[in-house]
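Here come two complexes built around chain A, the first alongside chain B, the second alongside chain C.
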Partner chain A sequence: MRLTQGCFSFLPDLTDDQIYKQVQYCLANGWAVNIEFTDDPHPRNTYWEMWGLPMFDLSDAAGVMMELAECRRVYGDRYIRISGFDSSHGWESVRISFLVNRPAQEPYFALERQEVAGRVVRYATRLCPSREATP
Partner chain B sequence: MLDLQCANNSSLCGGAASPPSGFDLRKEAEAAGITETLRELEHELIGLKPVKSRVRQIASLLLIERIRQRAGLVSSPPTLHMSFTGNPGTGKTTVALRMAKILHGLGFVRRGQVISVTRDDLVGQYIGHTAPKTKEILKKAMGGVLFIDEAYYLHRPDNERDYGQEAIEILLQVMENQREDLVVILAGYGERMTNFFASNPGFRSRIAHHIEFPDYSEAELLLISELMLKERGYSFSAAAREAFVNYIALRMTQPFFSNARSIRNAVDRIRLRQADRLVSDLDRMLEIKDLETIDSSDVLASRVFSASPPGEGREPSERTS
Partner chain C sequence: MNAHAGTLRGKERYRSGVMEYKRMGYWEPDYVPKDTDVIAMFRVTPQDGVDPIEASAAVAGESSTATWTVVWTDRLTAAEKYRAKCYRVDEVPGAPGQYFAYIAYDLDLFEPGSISNLSASIIGNVFGFKPLKARRLEDMRFPVAYVKTFQGPATGIVVERERLDKFGRPLLGATIKPKLGLSGRNYGRVVYEALKGGLDFTKDDENINSQPFMHWRDRFLYCMEAVNRAQAASGEIKGTYLNVTAATMEDMYERAEFARELGSVVVMIDLVIGYTAIQSMAKWARRNDMILHLHRAGHSTYTRQKSHGVSFRIIAKWMRLAGVDHIHAGTVVGKLEGDPNTTRGYYDICREDFNPMKLEHGIFFDQSWASLNKLMPVASGGIHAGQMHQLLDLLGEDVVLQFGGGTIGHPMGIAAGATANRVALEAMILARNEGRDYLHEGPEILAKAAANCTPLKAALEVWKDVSFNYQSTDTPDFVPTALAAV
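The block that comes next holds the complex of A and B.
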C-alpha cells in the first residue's frame, strides 16, 4: 500500500531535483534539515531514527543530497524522510516533512475491530508486511 | 553549477526556442558582474601581474564557456580547482576571496561562500573522527569555494598511519565527482606545495590552475602601504614617506618578513604611535591635518631602525615594532 505521510505524499514521488529545491527552500529559511529513516511507518510511530545530525549551517542543498545518497545506500530498503525544523521563537517546530525514499515492497495496514463490554467497539491499525512478500 | 537561468538580465535569454545569433560581450560580462570584480582586483591589489592576468584568463574562459552553452555549441564544464603558491602575505587569501566572487558572478558556483580551513578543521584525533569532520566541512562548502590553507600539512610523510591521508582521499573523491558543487583552492608556500603534489599526484592532476604569487618589490610594498593608509584615512608626510622607504629596505632583510602582511602590521603600529604622539600634548588645538598626517617620527620610532643586524642572537619576531 502506498504510504501517504507528510507533504506531497499524494503526488508522484519527488525527483532528486525537486528534493534539492525543497531542501534549498528550507535552508534559505534558516530551518535545520534532518534526514530520518524507519522500517516502521505506522502513523503512531513518531520516532524515526536520525541519519547524522541536523544540518543547519549549510549554504547549499548539495550537502544534504550527499548525506541522502549515503543514507539511501545503507537504508535503501526503508522509508526515509526529510524534515525542516524551525527553531525561531514562537514556532519551535517542524515546518515541513516529506518522504524521499520508500521500500520496493510497501507494507499495508489492517483495521482491527474489537467488541468489548457494553457493545463498545474499539479499532486499531495494525502494520502488516507487504502482501507480495507474504505467500 | 552551470545553471544558466538568465537571472537578472532578461535580454540575455534570447528566444526560448532558438538560441540568439549574436551576443553582446560587454553586456554579458557586466551582467555577470565580472567587469566590476576585475576592476576592483586591478585597483585594490598592487602588483601581482602574473596573478591578475591568470585570473583574467580564467574569467574570460568562463564567460565564453557560458555563452557557448547558451548558443548551443559543444561545451564542457571546465575543471576549476586551483592551487595558489607563494610566500606569506603575498595576497593568496585575498585573491581567493575575489576568485569566489568571479565564479559566483558567472554562475560556476551557486552560492559563492568561501570556507577557509586548515588541517585541524579536516583531520580528526582518533579513528573514525576524520571522515565525519571532513564531510562536515565539505557540506558547508558545497555551492561555494573550499580554501585549504597550507594544504601540505594534510600529508605527513613520516607517519603512514596519519589520519590526514583519510581526509585527502575524501577530498580527492569529491573533487572528482562533485565538480559542479564546489571548487577547491589549495594554498601554501611554494616549495612545500611542490613536494606535497609530488607525493599526492591525485591532487596535482585534479587541479587545473596552478598560480604562483611572486614576492613584492620595495616599490610595490611602498604603494601597498600608501594604499592601506589611504583606506584608513591617513597619509605620509614627505619626510615620513622617505623614512618608510628606509623602513621597508631594512625590514625586508630581517627575519619573519611576510610581504604585505608585515606592511599592514607596520601601518597599524604607526597609527598607534601617531595617536600616542598626538595625545601626549593635550594643550593644543588639533587640526584635521594633524589627525590625517603620519610624521617621520612615527615611522622612525620603530624598533626596526634600532635593531642590530640580523643573526646576532636577537629574538626575532613578527612583533618587531
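The block that comes next holds the complex of A and C.
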C-alpha cells in the first residue's frame, strides 16, 4: 500500500534535488527542520523517532541533506519524513511535513470491526506487514 | 458635515415630547471612542429630505437606549454612558445619497460572550426604521476586553492540522451530490470513493438532515464505515462533516453525541440554527474534541446587497467569536458571489491575529483577536482542478478547498476526481515552495503533473472552459489614498 501521509505523497517520490528545495523553503521561512523515522506509520502515531534534535539555526539545506543521507544509511528500510517547525506566536507548530523515504515493501492497514449494540461498529486500524513479503 | 448639532443638557433635554435624536446625545462628533468601546459602522440611506446626521443619530439611539419620545426614566440611569454615540458620518465614495455612520457603544451595553445579545442590540430594532430607505451593517470593532469573553473556535486551524496530521497545504473536500435523495448505503459509497481517491474531507450539504430517503443514524453509520475504510486504505486521517442540524437543541446534541461515539473527527451545523445554538454547539465541540464546521446557509439573503442588510465580514467576525472551526467564506473564482478584495478581507478576519484597517478589503477598523483560535475558511462552489494556481494565490494554504462537482462529476469516477484534485494541489504547492511563479506558470505546472496522472489530464480537459465571470454585487467603496511624493 502506498502511504499517502505528508504534503507530496500523490506525486512521484521526491528526488534529492526536490527535497533540497523544499528544505530551503523551510529555512527561508525561519522554520526549524526536523528529520524523523518510523516503522509504525499508523495514522495516529504522532511521535516518530527523532533523528537528533530539530535543526534550528541552519541557512543552507545542505546540512539537512547530509543528515538525511546518514539517516537513510541507518534506517533506509523505514519511513523517513522531514518537517518544518514554526515557533512564531499563533502557530508554534509544524507548518509542512513530507515523506522522504519509504521501505521497499510498504506495509498495509487492516480494518478490524467489532459489532456492538444498535448497529454501531467499533473500528480499529491495524498495521500489517507488506502483502508482498508474506509467504 | 460633522458639525456639532448641539446636544441639549439638563432640564431642556428631558422636556416631555418628541425631540431630534441628534439633540438627545446620540450625535457627538467630538466624542473620541474609548479602547473599550464596541464600534459599529453602518451604511445609511436616508429617505429623501431626511438629514443624514439625524438618520445616523436615530440608528445610535434605537440600537441603544432611545425610544421615539423623551422618557423621564432615563434620569434614573447613567444615561450618558449608556447612549450609543454616533461620532462620524461620511458620504460614501461614489454612492450619492448613502452615508457611512460610525457609532460607539459602551462595553456595559453588552452581555459578555453572547452573540445573540450583541446582535439584538446592533441589528435588532433598527433595520426597519421608517426615515431610512435602507441600512447595512458594514463592519464592527470589538475591544479586546470583549473578545476575551468569547471561547473562539473550538479547535482552531493549528490544532485541527495537528489532529489530522496534515500540514503545509490546503485541505481538500467535496460535498456529496446529489445533495438530496441518496440512500445511506449509496451516500456512503460516494464518501468512500472520494476519500480513498485522496480527499481529506467529505461533507453533508446544508439541507441533508433526516429525511424519508435517508435518516440521520443510517447516514452516520454508513459514512463512518466509509471514513474508516478510506483511512485504512491510505494510512491518512479522514473525516466527513456529519450535519447535526435539527429542529431542537436536544436533537442536535443527540446527533452530535452519536457522531462522537462513532469516532468522527468533525460535525457540522448550518448558520440558520441561530447564534445561541451555534454557541452551544461550539462549547459542545470544545468539550468533545470535535472540529465544528459551519455552513453559511441563508447568509446571502442579508449579506449580498450592498445597500441593505449585514455584510458577511460581520458574520465572519461573529462566528470567530462564537467558536466555529470552519466557515464558508467564498472562492472568488467559483459560482457564488465573491469580489477578490472583499473576500480577502473575510479570509483575513478568519485567520489573522490582528487585522489592520484596510479599506480596499472592506476592513474599516483595526481589530485584535487577542489570541483567539484561527478559523479555517472553506472555499466551495464551482471550483475545479484547473483553477488550482488561482485558488492558491487568492486563498493561501490555510483553507479547505471543496470540489463537489469537480470530484463527483469526473468522467473516470469519483476516486479519480479526488486524485486529480490532490495531484493538482500537491504539484502546485511543490512549485510554489520551489519559488516558481506558479500563478503564471500554473497551466504548465498542471499539464506537467497530468503527464503522470491520467485522472488530472481528464479533469483539465473536461472543465477547461469553465469559469464564472460575473460582476460582483458586494465590492468595497473607498477612495484610494494618494501616497505622498517623497
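As a working rule, the second predicted complex is superposed on the first by the 134 of 135 C-alpha atoms of A that agree within 3 Å, B and C clash if a C-alpha of one lies under 4 Å from a C-alpha of the other, contacts with A are read in each partner's own complex, and residues count from 1 in each chain.
The criterion applied here is as follows: contacts are C-beta pairs under 8 Å (C-beta built on N, C-alpha and C of every residue); 3 or more make two chains touch, one makes a residue touch a chain.
Predicted, not measured: the structure shown is a model, and the values here were computed from it.
Asker: Which term applies to chain B and chain C once both are placed on chain A by superposition, clash or fit?
Answerer: fit
Asker: Who does A:50 touch here: chain B (first), chain C (second), both, or neither?
Answerer: Neither chain B nor chain C is touched by A:50.
Asker: A:11 contacts which: chain B (first), chain C (second), both, neither?
Answerer: second
Asker: Quick check on the superposed pair: does A:58 touch chain B, chain C, both, or neither? Answer first, second, both or neither.
Answerer: After superposing on A, A:58 lies in contact with chain B but is clear of chain C.
Asker: Given Cα centres, how many degrees, to the nearest 10, is the angle at chain A formed with chain B and chain C?
Answerer: Superposed on A, the angle at chain A reads 100 degrees.
Asker: Regarding the shared-chain residue A:66, is it in contact with chain B (first), chain C (second), both, or neither?
Answerer: first
Asker: Of the two partners chain B and chain C, which one touches more residues belonging to chain A?
Answerer: The partner that reaches more residues of chain A in the superposed model: C.
Asker: To be precise, I mean the smallest distance between any C-alpha of chain B and any C-alpha of chain C in the superposed model; what is it in Å?
Answerer: 13
Asker: What is the shared patch of chain A, the residues that chain B and chain C both contact?
Answerer: Of chain A, no residue contacts chain B in one complex and chain C in the other.
Asker: Mind pulling up the chain C residues that touch chain A in the complex?
Answerer: Listed in rising order, the residues of chain C that touch chain A are 158, 161-162, 165, 167-169, 198, 217, 221, 224-225, 228-229, 231-237, 261-263, 353, 371, 374, 419, 422-423, 426-427, 429-430, 433-435, 449, 452.
Asker: Report the residues of chain A in contact with chain B in the complex, numbered from low to high.
Answerer: Residues 55, 57-64, 66-67.
Asker: Which stretch or stretches of chain B touch chain A in the complex?
Answerer: So the residues of chain B touching chain A come out as 110-111, 113, 135, 138-140, 142-144, 178, 181-182.
Asker: Inside the complex, what are the residues of chain A that reach chain C?
Answerer: Chain A residues touching chain C: 1, 3-5, 7-12, 18, 21-22, 25, 41-44, 46, 83-84, 89-98, 109-111, 119-121, 123, 125.
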